[in-house]
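The following block contains the structure, expressed as structure tokens.
Chain lettering (A, B, C, D, E and F) follows the sequence in which the chains are written, and residue indices restart at 1 in each chain.
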Amino acid sequence: MYYYKEELINIIKPDQPDPAAAKVLQETLGGQFGEMRTMMQYFFQSSNFRGKDKKYRDLLRGVFLEEIAHVELVQSTINALLDESGGQGVGNVAQDQAPLDDAVLHANPHHFIAAAQSSLPVDAGGNPWNGSWVYNHGNLIADLLNNVVLESTGVLEKTRIYEMSSNQSLRETLGFLIVRDNAHQNAFAKALETLGVDWAKTFPVPNYDINKYPECKKFVDMGYHNTQFNFRLDETKIADIFSGQTPSRNGGELTVTPPPAGFPVPELPEIANEHSPGLKDLNH
Amino acid sequence: MYYYKEELINIIKPDQPDPAAAKVLQETLGGQFGEMRTMMQYFFQSSNFRGKDKKYRDLLRGVFLEEIAHVELVQSTINALLDESGGQGVGNVAQDQAPLDDAVLHANPHHFIAAAQSSLPVDAGGNPWNGSWVYNHGNLIADLLNNVVLESTGVLEKTRIYEMSSNQSLRETLGFLIVRDNAHQNAFAKALETLGVDWAKTFPVPNYDINKYPECKKFVDMGYHNTQFNFRLDETKIADIFSGQTPSRNGGELTVTPPPAGFPVPELPEIANEHSPGLKDLNH
Amino acid sequence: MYYYKEELINIIKPDQPDPAAAKVLQETLGGQFGEMRTMMQYFFQSSNFRGKDKKYRDLLRGVFLEEIAHVELVQSTINALLDESGGQGVGNVAQDQAPLDDAVLHANPHHFIAAAQSSLPVDAGGNPWNGSWVYNHGNLIADLLNNVVLESTGVLEKTRIYEMSSNQSLRETLGFLIVRDNAHQNAFAKALETLGVDWAKTFPVPNYDINKYPECKKFVDMGYHNTQFNFRLDETKIADIFSGQTPSRNGGELTVTPPPAGFPVPELPEIANEHSPGLKDLNH
Amino acid sequence: MYYYKEELINIIKPDQPDPAAAKVLQETLGGQFGEMRTMMQYFFQSSNFRGKDKKYRDLLRGVFLEEIAHVELVQSTINALLDESGGQGVGNVAQDQAPLDDAVLHANPHHFIAAAQSSLPVDAGGNPWNGSWVYNHGNLIADLLNNVVLESTGVLEKTRIYEMSSNQSLRETLGFLIVRDNAHQNAFAKALETLGVDWAKTFPVPNYDINKYPECKKFVDMGYHNTQFNFRLDETKIADIFSGQTPSRNGGELTVTPPPAGFPVPELPEIANEHSPGLKDLNH
Amino acid sequence: MYYYKEELINIIKPDQPDPAAAKVLQETLGGQFGEMRTMMQYFFQSSNFRGKDKKYRDLLRGVFLEEIAHVELVQSTINALLDESGGQGVGNVAQDQAPLDDAVLHANPHHFIAAAQSSLPVDAGGNPWNGSWVYNHGNLIADLLNNVVLESTGVLEKTRIYEMSSNQSLRETLGFLIVRDNAHQNAFAKALETLGVDWAKTFPVPNYDINKYPECKKFVDMGYHNTQFNFRLDETKIADIFSGQTPSRNGGELTVTPPPAGFPVPELPEIANEHSPGLKDLNH
Amino acid sequence: MYYYKEELINIIKPDQPDPAAAKVLQETLGGQFGEMRTMMQYFFQSSNFRGKDKKYRDLLRGVFLEEIAHVELVQSTINALLDESGGQGVGNVAQDQAPLDDAVLHANPHHFIAAAQSSLPVDAGGNPWNGSWVYNHGNLIADLLNNVVLESTGVLEKTRIYEMSSNQSLRETLGFLIVRDNAHQNAFAKALETLGVDWAKTFPVPNYDINKYPECKKFVDMGYHNTQFNFRLDETKIADIFSGQTPSRNGGELTVTPPPAGFPVPELPEIANEHSPGLKDLNH
């Protein structure tokens, strides 16, 4: 069973609203290699795990637990990029005004029509999240290799989205997630090491200089690329895998630690033109 | 952030494997009105909540937390229905034998080809789970009404799936979930009461005699239809809504309680013809 | 605007329930070349028509109007094949009974789980109807050629579905629709004749002997393959196209006539295990 | 069977072409809560209706009939927004010109590539209409509750799309449809009243001031929010439900009336760069 | 079996990068009437061909073989439109810069996030290519009629996309493909002539003046609209169909010839912000 | 450009028709890890390749060329499983007969309704092939890792499908493809070795005893698991990668060879109840 404390895993750094940035950041939430995919893939892999060697199951479950918090972090970042991005006129706008027009021209229109200026379970092209993306073939090596590809692609896409916008809300969240994707890449690469693979100098993929991303560097300095956060309220055997020398050429020791201190979950204001929720008129 | 204790929210009652039952039970996992939908819908509604009246957000989040455990319960039930449902012959089966044939003829073929005889994020027709099903329009009344329809449809479908198979693994899980869907129906109906609706004798939907389902009755006797389990490790205002007289014509007082005592998470054996995971030959 | 008289365009011939037949007949309702496609394709083509030569628009609209009645006819036929196809036990079935099992093993499971044993907007494989199938490119020749392919494929598929089941409800409906598809094939082929094509002995497609289908022959004897029913309450120029010699090698004169005398729309009984609708207990 | 008189249910108010507005208005035509959905949902619910209490079936059918006219109204409005929105150069445009470029940059590209500058069965994001959206579970209360959510969401989305553009063609059509959605909300809410629900001050949803929308106000003054148009050529029992006090806090008496006087169906000109239809060169 | 020589079937004419043009040109690659559709449709039709009259099978196969080269041509054209369309900054861009922003605002975001600024198997709206588009009903006349519609629609769409951009890379490729689509239209129309159809003055569809497209005219002057390229290394009976008078009103004799002299396949440079491939750092 | 010789890459071993086997074998043709996916993935990866190190591009292209022949092989095998699987009655079957019924009950109904008893671009569940499956992120390591996962999953699924049916047509084709998938696994694993990975004893995945599959063993004895067939008519640098010691623990030297001697492409008879093609009646 699953328990919750109302804290985000990283801060939502304030900046201006930017619906065009929100649109592309959706890839990190609802895209084929986004956080909803990692969350659901590791959920199915851990629930469907075969065999008695529970350290692998614990590893899959451990990463799954963090991914739920990642989904919430990206949802909240997209909300910050969309909130107050349109005008306030409700109905009585003048005939020659269309207050949302500028915002909407480069936005995902569903952010305004359906989602009340908040996040959606879709990708950057507006395609809804799809269950066929979950890979769980029940062969441990194939599943772990797919996880490595998934985490590598996650980093690759995030560095590209990072280039698309200088918005600080977007870059802070991507910086944190890039480092955590590296940690998870290490987790699955290390698990494959226990099964015989020698990765030599292959990882991390892509072969980029993480120090060029200032939003990443602070987390690397804190060792987050070599850390697995532990969200279990009972025993876990993650450290049977996640310990010792990192499989990455970046070096360092893998360690399991408690989760980071939490950050406040943002509160979104009511917006009149969303007609939300309008309790006042109903209750009185 | 999200924490976990390795316990199921209800027991997996043992019975024979039955791939045809597993196929239809997928609707309860990955269908348009299944547990993955409720889980993701309440996740988005709580993360995207607008306004300062946090008791509604806490209610949405509270039900979301339980739905994660429901997803795991249905995954495990489907696994029980599929495990050991095919023969063991690997490759060297005789020319005139096809050991999985009988099982597969009425099965979802992907249960055997892709999922290694375990659960998939698809519905009873094999259609993958789809993000467009998540309803989150940011108007509190519309969102709550949709949740009521979702929970009502959940019960409706589960009672029909219950009729399709007498398998005890399937019926025990459905019985538990029907009662919990009723509790969640009560939660959202009660929230609408605080906004002015008088449901009179409308609920529960459908209008069925729950006492005819023996697997439900034991949970009704325990009061589970009027209970909200609390998975929060910090404060929650759920009880500001979920208390007092039930909105259902079944009567009773609504109460917030700790989660039930947990049940063991099943362990699935390795199966040779899944080629999983085969650590032995690799490591030695 | 659209008006209605509660009459079916052909009779629902009674026979036994047969969920496996209902499943394949869904292709004729919600398939890529089924009646929902023809209805929506001609709706868009007539609403979006360009140019002043209104006889083409009237022809497209005229066929569209009949297709709405075809959709209702196939819905009602599928309902006849599904109704009373499962047992009546609600909840209190004995532990060792699963009354719907036999019916469901070869059925579309959504007919029982979602649709309360009635029709769905899906094809024979359970794939939902999809708007991308509508062809409307705004070039009159291309649109008409696509319509000819659509009606030809409609006949082709219906003759194959006819072979799959000897159920009389299914065959009567298919027999009627095959002849009407031929009439619509003639309508669009004739329209292309007015634009210069000489079809020679090409039509009808497929090149089959309609007299081998007894359910078709009675309608051919009534001239339905050369008739366009007129559902307009105002003027129409259909007869500017649909008159004179048929483009089909079957011969005969094309004529516009009033619709056939209507047939009763079936009434479906309540079924307890559908929990529908249960008015009694609520109102009293 | 279905009959037709070539009249639109409301006027197409002339304004400038605006492909970006056409793109977002597609949500009202082919979106998950658009007019194609309401049309097909009530079509299936009425054809598949169970039980002898025909007044509910007549209500569902009655709203279905109006929705066909709504689909045609939105198709025609989108056509008005797209027609003449691109230049006329066919092939021989100069090398440095791309006459459609400005129009297309913020348009749905399929409006120009496929649809010859007219409407498509897709939503604002370009996703095709999908049959899985049709809700018809055969439990009268669940079906009616879903219809209430559908109509409420329809209004919610239309008021948001209204904010996105000041184009008069778009706003006139949305204004009319918002009021009619309110009438249909009243219809289904009233039907639930006959089954026991007391809506108190819940409706309409959303809780907005309709008088702020001048395009709505004129229809409210005509009582269209409390009127059900009757498109039946035979008897109907709609008034057994749709009469007496409105369930809405806006007040007033519900009445069944004949349809409004019709408006002309627009004629679109041929456009050379659509190559449509080019009869001249072929026939002579 | 299939053999290859590294040559393009037409030249990639150099011009500026233009991601908005790349986005719409995707329709010609991965759209419902694009080159991937024609390639796969004729592949299935030739592999699944029934009957002994092999000249039809050879015709279908022959066009299929050319379509593989068309797919490669459009992939390479899209690559030319995307390559070097974004800046080079990797990570260390200044805080107030987002080097890809301008390019991406009107682009398909997946071209930058996923595809490393190269082609994707999607259409102009970003919808992935879909197998349901392949038409292969096994009735020769229906299949050939569908092919005629497919090739006609191909020309229609390409002339519209041509109007959307004056980019020379885009127009050169479209000009070549328009003429080849006409040749394939002739191939399938001629095959239908052998089965009895007299097309009179119907073709080509659309009825446009190809001489207005300078990029087409040079290929018409070379006779490419009446030529079938032969990619077979063994015997083929294409000329049993593709010979004699063209079915098009443009006139001329149909002839089977060797393929055109090939053009160089472009080489794309590595781009730092794609992190591709970075061999240097790994090997040393 | 692409050239063709009418020969299959392996024999179609004759056995009885078996529509249920055809249904599951569709996964190998149109499934997420089937031959259409490998064919299109390597096509896009080679066309979109970045950088000057052409040996990688040649490797990707080389495997792509063989995959086209694999697609044709699986199409032909499915055709063999479907051909003559239904009766011959056209229309005039007796009222109490439905000749296709037995075949269809466990078949993909579209094999009979749409495809005239031949192959379709869909998977074992009837889901159409989807372009979103193509992975081409333009980072060489990520692309190669994904290819390794794709080929490993291909073997895994094929060994499971092999278990589902003892039909010799199905098993012969799967046996050949399993060995070739191993060769392609070796190709991509070897390419990753050139970039620094040491696979140790990881491959092949899955970890199965290929000698238990008699249909595989004969190809292993011929060395096909260590061979790359060369379909280029010009130079290729494949051997710069594909040579030396295999990366698989099975051992052996990698070699590039000419393709195997070809096998006859089957000819399918006309079937009356497919109405195909019916040339006779038309021409005379």
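We take it that contacts are C-beta pairs under 8 Å (C-beta built on N, C-alpha and C of every residue); 3 or more make two chains touch, one makes a residue touch a chain.
A quick note: this is a predicted structure, and the numbers were derived from the prediction, not measured.
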- Query: Which neighbours do chain C and chain F have in common?
  - Reply: B, E
- Chain pair with the higher count of C-beta pairs in contact (B-C, C-D): C-D
- Rotational angle, Cα trace of chain A fitted to chain F, multiple of 5°: 180
- Same or different contact residues where chain E meets its copy chain D, judged by the half mark: different
- Message: Measuring between Cα centroids, what's the chain most distant from chain C?
- Response: A
- Message: Based on mean C-alpha positions, I'd like to know which chain lies farthest from chain D.
- Response: F
- Query: How far is the middle of chain A from the middle of chain D, if each middle is the mean of its Cα atoms, in Å?
  - Reply: 38
- Query: Just how far, in Å, is the C-alpha centre of chain E from the one of chain B?
  - Reply: 47
- Message: Which positions in chain A are in touch with at least two other chains?
- Response: 32, 114, 126-128, 130, 132, 137, 139, 141, 156-157, 195-196, 201-202, 206-207, 274-276, 278, 282
- Which of the chains are touching one another, listed as pairs? A-B, A-D, A-E, A-F, B-C, B-D, B-F, C-D, C-E, C-F, D-E, E-F
- Report the residues of chain A in contact with chain B in the complex, numbered from low to high. 1-9, 30, 36, 40, 43-44, 47-53, 56, 61, 65, 68-69, 71-72, 75-76, 79, 114-122, 128-132, 134, 136-141, 195-196, 231-234, 259, 262, 267-271, 274-279, 282-283
- Please name which positions on chain A make contact with chain F in the complex. 32, 127, 130, 132, 135, 137, 139, 141-142, 145-146, 148-149, 152-153, 156-157, 192, 195-202, 205-207
- Task: Sort out for me which residues of chain A touch chain E in the complex.
- Result: 20, 23-24, 27, 31-32, 106, 124-127, 156-157, 159-168, 201-202, 206-210, 212-213
- Message: Considering only the defined contacts, which chain D positions touch chain E in the complex?
- Response: 86-87, 89-101, 104-105, 108-110, 112-114, 126-128, 273-276, 278, 281-282
